[in-house]
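Look at the two complexes coming up: subunit A is in both, with subunit B in one and subunit C in the other.
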Partner chain A sequence: MTAILSYIKKDSLIHKMAGTTKFFFFLLWSIAAMITYDTRVLVGMFFCGCILFKLAGLKWKEVRFALVFMFVLMTINLVGIYIFAPEQGVVIYGSRQVIAKLFWHYTVTIEQLFYLFNFFMKYMAVIPIALLFILTTNPSEFAASLNQIGVSYRISYSVAIALRYIPDIQRDYREISQSAQARGVELGKEAKLRKRLKNSAAILFPLVLSSIERIETIANAMELRGFGKYKKRTWIMRKKMEKRDYAAIAFGVVILGISLYMIFHNEGRFYNPF
Partner chain B sequence: MKKNSQLSIKSIVAIGIGAALFFVLGRFVSIPSPVPNTTINIQYGILGIFSVIYGPLVGAVSGLIGHILIDLSWGSPWWSWIIASAVYGAVVGFSQKKLNIENGVFGGKEILLFNLFQISGHIISWIVIAPVLDILIYSEPVEKLFAQGLTAAIANSISTAIVGTILLIAYAKTRISEGSLDKED
Partner chain C sequence: MCSGTFFLIYRIGWQKMKKPVVVFENYEYKYRSQKKPTLQEINLTIYEGERVIIVGASGSGKSTLAHCINGLNPFSYPGVQKGSLKLFGQEVSQLGIFGVSKYVGTVLQDTDGQFIGMTVLEDIAFAMENDRVNQEEMKVRTFREAEKVHLTDKLEAAPHDLSGGQKQRVSLAGVLVNKVPLLLFDEPLANLDPATGKEAMVLIEEIQRNTNTTVIIIEHRLEDALDQGADRIVLMEEGRIKADCTPQQLFCTNLLQKAGIREPLFLTALTYAGINLQEEMGLANIRELTLKEREKEQVCRWFYEKEEISCNKKSTPLLEVNKLCFGYEEGKNALSEISFTIAQGEMVALVGQNGAGKSTLAKLLCGFERQQKGEIYWKGKDISDFGIKKRAGYIGYVMQNPNQMISKPMVWEEVSFALELAEREPSYIKEKTEEILKVCGLYQFRNWPVSALSYGQKKRVTIASVLVQDPEMIILDEPTAGQDYGHYTEIMEFLVSLNQRGITILMITHDMHLMLEYTKRCLVCAKGRLIGDTSPSLLFVDDKLLEEANLKETSLFGLAKLCDLPPKEFIDRFIEKDSKIRKQMIRQEKLYSERKESAR
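So, the complex of A and B:
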């Protein structure tokens, strides 16, 4: 169960870039994919993303678990859309070319397949860049990046605290749950659902109390060290922006620009080949 | 202590720890439910408690950060549901002043109030915010989204009602209530 995506240390051009750049690029990219439904843009973004992914020296093998999980999720989603709205594509593209009739009001139309393909690509366009961002950004640098793109350093510091304490809380949870189970608190399939929820509360209570205690301790320590006295703060992990960083951001802006331009060009978010 | 218009240090830390708890519970702890392939999210119960103790801002931001981290650890963020989590944290947080849990009183009236807030939070998040954003961002069919939202709202409300209420009752007992000391005759 520890198949979790996290930073993989490597030596590549992308790894050397500033975290700020990668974060900003990721945001531009996901906004671009969010607003457009143009097939050509989405497919282009997907291929660009794959090239960048290769450029970072990452291997698909390293993210296989995540990919399998996402494909399962995506399939459920696509099937769900089809079951609830088999004519969504027809409504969007305004024409109806039936390929096959299934049963009841379920038919397969080219428009529906095209709509589902677009929906799928919308997700696929973001995945390589999201993975790239997660796998090549050092978490310690992430808080500095947030601050650099204009998030207040207090909130950035909250993010740093969250990343720092995730392993601690995970360990706490494991310890508490094991000692509770040793005392006969059942969480598995044997217990009834209501019982299970109640039992989980028995485990969560020590976890919440210890977390609240932890908040007090950390807050006091920060207060004693004068956190928040000044308007600004420096970050030891911050990397300096270089030419290639500005180039990458410019590329992200261009992609977003194309995505926006296509909305005007297509007179709507959808590219309609029919 | 001087009054500061900015976030207090305690809130900053609470956001961080709240997000970390949300992440750990949402990512690693899943309670199997009777419906196959569905698990019950207990992280919303915990988020609710943080909102009640530390207020709407802490609730919203820790929900936001926690949910982004969960999604990133799976590979890709689904922005509409992330925003819905933040809204839920904020809505429950508005009950902070009314409940005043630090007083150590959490009886029938407070339980009712907390559950009213958490249920309306879930309804606003999963039946209004998440589907509307999904329609705007992903142009998904309306029927599917509302069916999804309704299921999420019901499941999350029930788990928050059980987990959140039990934990808040226990938490209130650890606080010292006003006027709990009597003068000896």
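So, the complex of A and C:
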């Protein structure tokens, strides 16, 4: 019953790197993937991502749920693009090779398929790195690195504290819902949607109340131990930037550079094989 | 007399030598939201290196006093103060909350809530981080503090991998890192099992001895808090200090009873035996108690006055549990092979250390979780496969924290909620809800908002809201946790009245007094197994069982040994006498209140 996507403690090169590095690398990587539609760059990035993913020692089992969820979203997105702009590929690539006619004005063209494939690859290039960032960065260390890059420590600590208390609130929720169910509150699929919504209020009410009690304790405990005393604070989980961290960021910059260069080279964001 | 004078001189001399650490002078505190001051005429001095226990019923102002010392008052809960409160010679109002935190380290009652870091390491380092200590030094100091509280092998552990006692030790280390000269404990024993509570007190003593720290403990479980002795007890009542003296001096008076605080059991037993309590008897705890031959004889005489206890009636089994097994994770059994029978009309305690599987067992009985193996029978009928809702018609479950159960704003709505959901006829709902409200003594509150009720009344509302479904048995998780003696008695006597109406009761509890006073039978859990099914008095003479279950022997046991009496019989004699006296008291109280009613 832990959060679906959270830090998994392991001992790998990626895990050892500083949270700041991973955060910056993730940013650079995402921008690179966002600006280009060049298939060669995207495919290259995807493979690089897979290798890094492997390097972190992460297992398929650990991310299965998240991946399935993202694939569902992605499919919806791609179908949506097709429905609203079935001729987008034709506009971009300037040619029209029809494979099949569907209904009304919907046809399948090689150009549209290629365009959708590029779109798909954009996701594929970012997903491994995003997962990597979430799964290999210790939240407290991440809070430390956010603070380091200039985010106020009150804000960055609240990220860590939210993650800290999620399991506690989940447990509260479970206990409250069990006792509510014993009194006949139905949350299962048998109940009608309206009833279910109404019933969940019966759980939310005590959950919110007990959470408020908890927040008061947390706030007191933090204040009593001097949280907010100075404008700055130190972090025991902060990692120092080492050579490999700078190398990683440099690598990210290179990728972004390639992505930018290809825009000039292709005279646009798209690579046109047609 | 002579020794008393000597003691007085000794104390005065000693106080002159010691530095005053906390000084209240004609202090008064009024919360902004309150009309009357919560604290009045407080004059109190606490000296360096002392251990002081502050006791008082709920609402007596003891928490407010603690909040004034650690700076939460007035900095987090605004209010107006009069008079002066000095910490280490400085006015608190000028120090600010962070200034205070340099001197005072507070360990709160809620072991989960105050665990701020993701791991033990981070939580211990938290105060240093806020103090801008550099990383290297922080690591060294964290390790050193972890050593003091014996947690070096748990530095990487997350809070949910720790027991309640361990979490408390983390909090302790977390305030010790600041090298604070004053430690303040807010009800440190409330969430711990008896043996862990004792360990906590031993650890506090150890730290105090090694560092000359001043310790203030707020607690109403006086007997357990006194396990390692105390220099002074401060008794609070209605916002004022009623007594400020040594434990011995306090126990010779009846101030504790008046304030609704329970004295240690062996003292009650001595009083029952007609012994006049004197300071020089060593009253602070059973290990220090010395009795003269004459007094021992008096105890023996009292013991042999015992009446024959009537034999238990044979009764029919209500709930049978056969070889129940359950695990949250595969391969790990949270419960294994649990078997027992509960007869109709019994009142049973379920005891054992934190994490022994007590709550899990309760959840299985109520159908919240499904057992992997084993069966549950209700009056001979197999109910193992009944779902959560169906099970509620047989066994009701009352959670520890009433706020987690209350989902409607009004008392009537809350109590009738289950019936409304079941869509019973309105006439039945009205009739049943009225009946249950009357049974629970809540009828006059039926149109009140739940939030206006006291804790004990809220507890009764949650019990009522379970009872409307007509269960023949209810399970209560820590029915009296954190309650002072007055509320404890109120809740427990209510449960006894339900029990007399034929409702079978199973209570999960850490409170050994509760078990001793109110139950004739206890089920003992340890590490997912049922290791004992016995009477409380037999449990208390079984060293091995006590240790395995992380329980603590009662001071009655020590008293019996001191007087060379058979412990089990002695405890039985005590329970017999105690329940008789309690019944008398309740009868008197009823008479008194009835008289008051009729006078109106």
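As a convention for this text, the second predicted complex is superposed on the first by the 255 of 274 C-alpha atoms of A that agree within 3 Å, B and C clash if a C-alpha of one lies under 4 Å from a C-alpha of the other, contacts with A are read in each partner's own complex, and residues count from 1 in each chain.
As a working rule, contacts are C-beta pairs under 8 Å (C-beta built on N, C-alpha and C of every residue); 3 or more make two chains touch, one makes a residue touch a chain.
Bear in mind the structure is a predicted one, so any value in this text is a computation, not a measurement.
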| item | value |
| --- | --- |
| Clash-or-fit label for the pair subunit B, subunit C on subunit A | fit |
| First, second, both or neither for A:R214, with subunit B first and subunit C second | both |
| First (subunit B), second (subunit C), both or neither touched by A:I127 | first |
| Partner with the higher number of touched subunit A residues, subunit C or subunit B | B |
| Contacts of A:W235 with subunit B and subunit C, given as first, second, both or neither | second |
| First (subunit B), second (subunit C), both or neither touched by A:F23 | neither |
| Which superposed partner A:A160 touches (first subunit B, second subunit C, both, neither) | both |
| First, second, both or neither for A:M222, with subunit B first and subunit C second | both |
| Partner chain(s) touched by A:A66 [first = subunit B, second = subunit C, both, neither] | first |
| Touched partner set for A:S140, first subunit B, second subunit C, both or neither | second |
| Touched partner set for A:A182, first subunit B, second subunit C, both or neither | second |
| Apex subunit A: angle to the C-alpha centres of subunit B and subunit C, given in degrees as a multiple of 10 | 60 |
| Distance of closest approach, subunit C and subunit B, by C-alpha atoms in Å | 7 |
| Subunit B and subunit C contact sites that coincide on subunit A, given as residue numbers | 160-161, 163-164, 168, 201, 205, 207, 209, 214, 218-219, 222-223, 227-228 |
| In the complex, subunit A residues that touch subunit C | 9, 138-140, 160-161, 163-164, 167-168, 172, 175-176, 178-186, 201-203, 205-207, 209-210, 213-214, 217-230, 232-238 |
| Interface residues, subunit C side, partner subunit A - complex | 70-72, 75-76, 97-98, 101, 105-106, 108, 110, 112-119, 121-122, 125-135, 138-139, 142, 156, 159-160, 174-175, 178, 363, 366-368, 388-389, 391-392, 396-397, 399, 401, 403-408, 417-418, 421-422, 465-466, 469 |
| Contacting residues of subunit B [partner subunit A, same complex] | 4, 6-7, 9-10, 12-17, 19-21, 23-25, 27-29, 31-34, 40, 42, 45-46, 49, 53, 61-62, 65-66, 69, 72-77, 79, 137-144, 147-148, 159, 162-163, 166-167, 170-171, 174 |
| Of all residues in subunit A, those that touch subunit B in their complex | 1, 4-6, 30, 34-35, 37, 63, 66-67, 69-70, 80-81, 83-85, 88, 92, 119, 122-123, 126-127, 130-131, 133-134, 152, 154-155, 157-166, 168-170, 173, 187-189, 193-194, 196-198, 200-201, 204-205, 207-209, 211-212, 214-216, 218-219, 222-223, 227-228, 269-270 |
